[in-house]
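Next up: some structures, all given as structure tokens.
There are two complexes below, and they share chain A, which is joined by chain B in the first and by chain C in the second.
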Partner chain A sequence: MTKLTIRTYSYLFLVPAFLIYFVFYLLPTALSLFFSMTRWTLTDWDYIGFDNYVTFFSETALSIGFRNTLIYAVVTCGLKVILGLLLGAFLTSTALFKNYLRSVIFFPTLLSTIAVGIAFSIMMHPSSGLINTSLAALGINGPDWLGNTKIALLSVALVDVWKGVGVATVIYIAGISGIPAEYYEALKIDGGSSMNAFRYITVPLSRPAMNSVIILAFIGGLRSFDLIWAMTKGGPGFTTDLIASIIYKQYQAGFYGLATAGNVILFVGVSLLAFPLYKYLTKSEVYL
Partner chain B sequence: MSRDISRMLVERVDRSRSENMGISKQARRVIVAVIALVLSTVIFWIPFYFVIINSFKNQAESALMNMSWPKSFHILENYKAVLTASDHMLVRAFYNSMLLTVLSIGVLIIVSAMAGFVLQRRDGGRFSSVFNFLVLAGLMIPPAIVPTIWVLDSINLFKTLSGITFVEVALHFPFAAILYKAFVATLPREIDESALIDGAGGGRLFFNILFPLLKPVTSTIIVLESINVFNDFVNPLYFFPGSNNATVQLTLYNFMSRFTTSWNLLFADIVLISIPMLILFIFFNKQIVAGMTAGAVKG
Partner chain C sequence: MKRTNARTLALLTSMMIVVLLAGCGGNNSPTTNGPSGNTNANAATNEPTEKTTLTLMVGNTGTTLEALKAVATEAEKKLNIAIEYDIKPDGTEGDNLVKTRLATGDMADLLVYNTGSLLKAVNPVDNFLDVTNEPFMADVLDSFKSVVTVDGKVYGAPVGSSSAGAILYNKKVYGELGLTVPRTWDEFMANNEKIKAAGKTAVIASYKDTWTSQLFVLGDYYNVQAKVPNFADNYTNNKAKYATTPEALRSFEKTEEPFKAGYMNKDFLATTYDVALKMLAEGTGVHYPMLTSALDSILQNNPDKINDIGVFPIPSDSADVNGLTVWMPSGMYINKNSKKVEAAKKFVDYFVSKEGQAIFSSKVKAAGPYVIKGIELPDDAYEGVKEMQKYFDEGKTAPALEFVSPVKGPNLENLTVAVGSGITSAQKGAEDYDKDILKQAQQLNLPGW
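== the complex of A and B ==
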């Protein structure tokens, strides 16, 4: 069989894919380790050791990106995990109009992030935006959603959740629909309420789905760029800058070595957080 | 047998409950549904309506940023203005985006299906753990931007359609390969064996026999990745700059600074750009959801 395997399942099949993957992804990733230690003009470079990393960690305008990125990832991921679970449980129950509701919640995930960001930044205008004029009609004085440095990052995170909760919801729906109906029947016979069913069956047995949502949303949050760029461009000042938007700013300014150092920090950060999280989550999974 | 008994018991419990509180339970269901409908309208429909209705207004009226009914409709005028602005930039952008989407999905499907086939059939072999690790890493680790530009530039592909196409293929390859690998695992090896006995080689086996059987996962990947590539903003921003090269997402970004006072035109652009996705959503809802959940639950 081995000879047959070599001929039939030839590694030649991998060549086109891995050639493209190598040249346009793996090679640049490997090169970034070197170029992050240079002062770089694309045509010429000087080796400067860890200077770029030192700059990144010492300048507030750059290091604020770590804190913001972590906050953004945790907030968006947390809200998607919780809201997705509640929506998923609701939309697998006997609720009326659930197909319609599922479509409405899901549709924003297909929209362009830039379009969503522009529309919401107009609606979040402090004085004449739709959100604050509506709140004013109810007698509430709405905040300056994107201009107040304390809440601007959270406002963008909320829009991110608005757009992305649909994916979390459909993943939960797939997970919850896979729970055998007998468990719910058994609980019913024992006189459990629907709250009990949610607490003792749905939540623990949708753990695989929850883990997927956590991983996807967390990595997505750490990497996100489009929405913050469309809504605040990192402002006011640089209070809402994420690592990805700092990379873009340094790139635009022509600091290619510094931008690449940002890239390396981002991917080291993602691997250091995401791989252990993934390991931890899959270890504590409950199997049916 | 015991299952039947438990079903009967449940039904009896159900019936006795609904006899006791049939009306209140029904009423609760209706109340919950009404609340859900109101919330979904406020949270999701109002933003859609706001964008659409403002794209019908004239500039002065859209500057008020409210959702009142337009005093006068300027539908054709606005949409024509957006399409012809900057020497028909949006039309060119639609052409570029469509071409980029078709090319990258075409290449992606062929190379990932081939790779997924061999990766699955030789799973557990000598190099499989290396390949699997490389593919998984691509799912998590964000691409290095400037070195990619440097690589593109050194092979004269920077700012070219082929360059950005290869980048899109490389970045979406891990997801597609994992889906294909998982699906190939469901095709029994007996198919391979009988094809080989009939004298087919590896190439014939894959292209004539297995690839057609992969159609369900192929259609899922086509739909899902078309959305991702069409909506991609970051990669064209970095790797495909220049006003001649604009993709639809970049026109939106350019118009944002250009039309700072003409919300009506900006909104018309948003509506035009969202229409292809709406059409995909209506026709391929199932594949989209299947793709998103399959990728997640497998990974």
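== the complex of A and C ==
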């Protein structure tokens, strides 16, 4: 092998991956920046500058969309982080049926989101749904989960948590299992309780896992689309519209340029929120 | 040895990419690729005895598909043309699919799709075959031709009958409660009050299927144009707005008023179209603002109740203005870029012929008068359709706005849900709709926007 080949041949291995990355990621990203400034019919386009962005920001539904997206991301992310940690700690302990419970918690993740959405929207029917009939049997008058404009978004967020907490739990389990047993032994020798173990060892040392969960759940929440579409389609009216569902509606209506502009806005928005968050979180990480 | 390995590996990897890319490219439409691949070969040999297979894209709501199948079975015997169905969803989902398939050159040979503004949004000039001078269009009524005409050329043949956007009502309950068909909005609201007092749902709303929420606006267009005759033109040219034209704003107020008065069913946000039809048929609900094509679904689900259902126009504010807003049937379009245009023409020719129409109308009963000369409403037409005929005879009909203006905002159904469930006011809903149509007009590149 000549020196040149030794230096260069390894790059050949990168070519396939780079090609895929270029064709399916870089190129569309660059093109979408361009098409977001056009009025586009898929076959034909007119350059219109920043008009699409102006239109997008003047949409009444969009201000709702921004607020809803933030609420949705924060609620789902927060619940997944907390519930996931508790479940993770519980499932790494010496609990009975540990393995069985692990699969129970993880199971919803394996289901199709659309199927989950449809199933829950049937169960959440205000008078004939499973949830409210069960509540009625207990003498509780259940709310209209998806029709009440005040709680519809939270209902969907709760379903998202039910479905997504399994992944968070698995990440926590991996993180917590990586904590050396010596720390717990030391704590025992010093006479610490199991609450102390959770508070002073498990929580701080599972920070890397927690950070992954926060980032994944938060970005996932910001881009969430499928569940809300299956359950409410952004309705009633526009009360549960997320940015992604607004973009989808523009696309459905055939406003391809406008929808692309929405995607660019979503991309910038997610980056602006996610990168600083990531920076901040990794800074405070504790290394084992 | 090492080198060979590296090369083999590189080769293998690049082969895998090629396969991957090919896989992505070819998988766009498994439904059409397989069968049409065979038939292309057939068309190449072009032997008259050989069977031609055409693909036809059609939605699956209601009984149109079943009726089409019946015609196609007959056509297969007569013309030796077989039809492969390419089922699409209806509503905005379907619009989206049609646009994408047209843009990627992947459209079926024949397409059954909306007429009017929705047709204009899919660029018929470039996509569909001009059938202006085809003999089979000779008997089609001008009222239909006008809604499939773009730039002076006609593009589609009618599929089914016209229908109306009106209020379907339960005649049995009307009889029991001693009510008469209202001619004004006030009479309508008075009837609602009596129905409510009798413990029944006065106005059925099925906002789970959002499209059903639009009827008080769309079906009210007869009343709008009766008072403001040039509304459609001014609206298309950006001179008239829903929010600033009081007669048009009334349509949004009519959406709002039954909710405010508490006439609507419980759980209307979770009620679907099918459930609403059941309520109407069984008489637990009495008024349902809907397209008369719903009669067909009632026949399917509650055949014994079909003649309990009557039709009256959405009432206006004065008794002299009382007419129906009419929807034209869907059109059948021939894909301009199809390789089998001649066979497609033959099929459409057979479809609109007396024979084809007889088979079609035996499977799907008319929701209103037909739009082909010489095809009359049968004697066993629905009770509701007979009630409609009166308005047609008196000339008290007007096409819905979407047939006289290319501008229809895509978000109307969400806005009417918001107005109809008290989330936003009628005024705000109309203003938002005016903004919504702005985007559509700009996308269509209409002058004056």
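Just so we're on the same page, the second predicted complex is superposed on the first by the 279 of 288 C-alpha atoms of A that agree within 3 Å, B and C clash if a C-alpha of one lies under 4 Å from a C-alpha of the other, contacts with A are read in each partner's own complex, and residues count from 1 in each chain.
Everything that follows uses one rule, which is that a residue touches a chain if its C-beta (ideal position, glycine included) is under 8 Å from a C-beta of that chain, and two chains touch if they have at least 3 such contacts.
Here the structure is a predicted model, which means the values were calculated and not measured.
Of the two partner chains, chain C is the only one touched by A:Thr55; chain B is not. By the document's definition of touching, of the two partners only chain C reaches A:Thr149; chain B does not. Contacts of A:Ser103 after superposition on the shared chain: chain B is touched, whereas chain C is not. When the two structures are aligned on the shared chain, A:Gly234 is found in touch with chain C, with no touch to chain B.
Of the two partner chains placed by superposition, only chain C is touched by A:Gly254; chain B is not. In the superposition on chain A, contact of A:Ala174 is made with chain B only, not with chain C.
Applying the stated contact rule after C-alpha superposition, one finds that A:Thr38 touches neither chain B nor chain C.
In the superposition on chain A, contact of A:Pro126 is made with chain C only, not with chain B. With both structures placed on the common chain, the touch criterion links A:Ser206 to neither chain B nor chain C. Touched residues of chain A, counted separately for chain B and chain C, are more numerous for B. Residue overlap on chain A between its contacts with chain B in one complex and with chain C in the other: 9, 13, 16, 20, 42, 125, 251. Contact residues of chain A toward chain B in the complex are 4-5, 7-11, 13-14, 16-18, 20-21, 23-29, 31-32, 35, 40, 42, 90, 94-97, 101, 103-115, 118-120, 122-123, 125, 128-130, 133, 162, 167, 170-171, 173-175, 182, 185-186, 188-189, 208-209, 212-213, 215-216, 219, 223, 225-226, 230, 244, 247-248, 251, 256, 259-260, 263-264, 266-267, 270-271, 274-275. Note for the complex: chain B touches chain A at residues 3, 6-7, 9-10, 13-14, 29-30, 32-33, 36-37, 40, 43-47, 50-51, 64-67, 107, 110-112, 114-115, 117-119, 121-122, 127, 131, 134, 138, 140-153, 155, 166-167, 169-171, 173, 177, 192, 196, 201-202, 205-206, 227, 231, 233-234, 237-238, 248-249, 252-253, 256, 263, 266-267, 270, 273-274, 277-278, 280-281, 285, 288-289, 292-293, 296-297, 299. Only residues 2-3, 6, 9-10, 13-14, 16-17, 20, 92-93, 95-96, 99-100, 103, 121, 123, 126, 207, 210, 266-267, 269-270, 410-411, 414-415, 417-418, 421, 423-424, 432, 435, 439-440, 442-443, 445 of chain C touch chain A when the two sit together in their complex. Only residues 1, 9, 12-13, 15-16, 19-20, 39, 41-43, 46, 55, 58-61, 125-127, 144, 146-147, 149, 233-239, 249, 251-255, 258 of chain A touch chain C when the two sit together in their complex.
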